[in-house]
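Several structures are given next for inspection.
In what comes next, subunit A is part of two complexes: it sits with subunit B in the first one and with subunit C in the second one.
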Partner chain A sequence: MKETIGTVPLFDLNRSAHCNASLFQGVDLDTIKGIEADWTPVFNAAAPQNQPEDAHWEWAAKALQALRNPLSYELFGIEADAKTQGMMLVLKGGPKCFSRHPEHPRAPLVYLDFLATAPWNRPGLTATPIYKGVGRVLFMTAVSVSIEEEFAGRIGLHSLPGAEAFYRNRLKMTDMGEDAAYQNLRYFELSETQVKQLIAARP
Partner chain B sequence: MKRTMTLNLTETEMTVLERMCEEKGLSKTALVRQALRLYKSVDERLARGEKVFVESADKAEKAELMVL
Partner chain C sequence: MKLCVDNDWLRRQIENDPIADADAGRVIRRSADVVKAVEAAAQPQAATAVVPPKRADAPLALLVHMTRRRDRLTVAQFAERIRVSEDEVTAIENDPVYSPRPRTIHNLAEYVKVPAKALLTLLPDASSVDRSLDDAVYKFAASSDDLSSLSRLERRGLNDFVKFLSAYKRGTETDGK
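Presenting the complex of A and B:
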């Protein structure tokens, strides 16, 4: 089931102004079809050297995963111009949801399983991206879920190489190094202190 | 929608629950919710035929986790 849970700001790069978008929880068939119809052709049209690392992610399968296990999974998305501008799958419990950060070892956290912005919003894929801020809004939604679950906003995730700079430099997460148990992807955490700093710095 | 239940625990169980809530900074509700998610996650893996192991810090011992 898909439900709109709020209005969020995105920066419209063509107009150089903020605009309102819809934040929704859950997913429906139209959203999945829309992603397949709108995102996939842009990914496929990208030159091999520009092929995004997440182009193979199957959001239909992820939606099914979330629907089958609503106890632990939450799916969120952002819509503007009647198109999905970004999607995110978070995990609220299970073995991945324990902190490795020295600030609070073993404390519970929300694990950000997948986060993707629509291809037309990515500077690496288009010379004229449409919206800025989709990834940040979705990430802050995960922080909100973590606070709601009494996890103080703590977030953990494994980053694809192309997104490492976003998590390390833009969101100021702690880079905890390569994880040999997870395809050698780098593991990042947003500690309680970093949550407070991120919220305070929020524009 | 949330539903409410009454949970009857022994003195020992309640002591452990309260201590863990204090350590983790969670309410009793949040801690039980997390315990349920972890239990379900492990149980589902075992039901699929996967195995869950616990290894000592020095890697000298490794035990398979069994779930009721």
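Presenting the complex of A and C:
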């Protein structure tokens, strides 16, 4: 159910050096357990009203096992220090997987249903984030899925407010404006041309 | 699966990335959030049902609405001109999944001066995947806004779209080119 894709770099902000992390596809009991044990308490500390009810991970793992459907979506994660540093769910089909970009209206694309980084890596939640690069690696994984699906790397996503600058300025996605159908989050797309420019980019 | 970039590329980019949030889509705080997301992903049809189509997604509705505005006709007047009921004109304009009767299509095509076959490609249940038609529809939709009378840009968008439909030969055939 969980398969390692390979070793990817992250940037360790404490040591100011790159380190290795594992990129994996799918999810297993340990990942689910880790999210409940490691992520949830940090989020709860930031928002005390969001307290855990019970051991959600157990039923969550069972539910995910039953729901496995590689034709319509893929789950990815990054691990370092034996902890999940980020997770991403991409959709490969369905109503959200059509481009709204003027370059190729209605062309199929991969839609990022969620890209979530561990709370200790989020500058919006902690003054001293641990790793940098989780979002970048997961995003490029989504582009790779899109290329494999013969969608030419096209990507669509709704950015959370704190991440808009990253998608607009660093990944050079097209900001298509607020989406009233999705909590007014801004919708971004990476067009075919932008995919080529992104991959060819030199820092 | 193989990544489309290598680790050197990733290192260079990550090093230059700002320390910034990158979260997108659903908020994930616990394992239950992951399960909910996957449950929804496993049932894409359910998501379809809750997203109501807009007029901009229904090119025939837009064409009728814009033509009526261009000619400064009320729904009743337009219905009279194309010899169909007011209810049908209202349904075409307001219900993006409404499929008009063949006679209505014929009369409408006559009024707009485009081949009826071209209008069939604009029906909600048409199976067209023709890229040139999609592009024309998109440009047309993008040029329109719901103002009381047509602006110069809207008029040009409508004229271009009618011109495109007049020359459109493929009908409901699809070739993906």
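Brief remarks follow.
The rule is simple: the second predicted complex is superposed on the first by the 179 of 203 C-alpha atoms of A that agree within 3 Å, B and C clash if a C-alpha of one lies under 4 Å from a C-alpha of the other, contacts with A are read in each partner's own complex, and residues count from 1 in each chain.
The working rule: a contact is a pair of C-beta atoms (placed from the backbone, for glycine too) under 8 Å apart; a residue touches a chain by one contact, two chains touch by 3 or more.
These numbers were taken from a predicted model, which means no experiment stands behind them.
Superposition note: with subunit A as the common reference, subunit B and subunit C are in steric clash. Contacts of A:201 after superposition on the shared chain: subunit C is touched, whereas subunit B is not.
In the superposition on chain A, A:117 makes contact with subunit C only, not with subunit B. In the overlay built on the shared chain, the residue A:94 is in contact with subunit B and with subunit C. Of the two partner chains, subunit B is the only one touched by A:150; subunit C is not.
Judged by the touch definition given at the top, the superposed model places A:39 against subunit C, while subunit B stays out of reach.
Of the two partner chains, subunit C is the only one touched by A:10; subunit B is not.
If you count the residues of subunit A touched by subunit B and by subunit C, you find the higher number for C. Within the superposed three-chain model, A:72 lies in touch with subunit B and with subunit C [touch as defined at top].
Residues 69, 72, 93-95 of subunit A contact both subunit B in one complex and subunit C in the other.
Touching subunit A in their complex are the following residues of subunit C: 1-5, 7, 9-32, 34-35, 37-42, 44-45, 47-48, 51, 134-135, 137-138, 142. If you check the complex, the residues on subunit A that touch subunit B are 69, 71-72, 92-95, 97, 107-108, 149-150, 152. On the side of subunit B, the complex with subunit A involves touching residues 24-27, 30, 33-34, 36-38, 40-42. Only residues 5-11, 13, 18, 23, 25, 27, 32-33, 35-36, 39-40, 43-44, 50, 52, 56-57, 59-61, 63-64, 67, 69, 72-73, 75, 87, 89, 91, 93-96, 102, 105-106, 112-117, 122-124, 129, 132-141, 143-145, 147-148, 153, 157-160, 162-163, 165-167, 170, 181, 199, 201-203 of subunit A touch subunit C when the two sit together in their complex.
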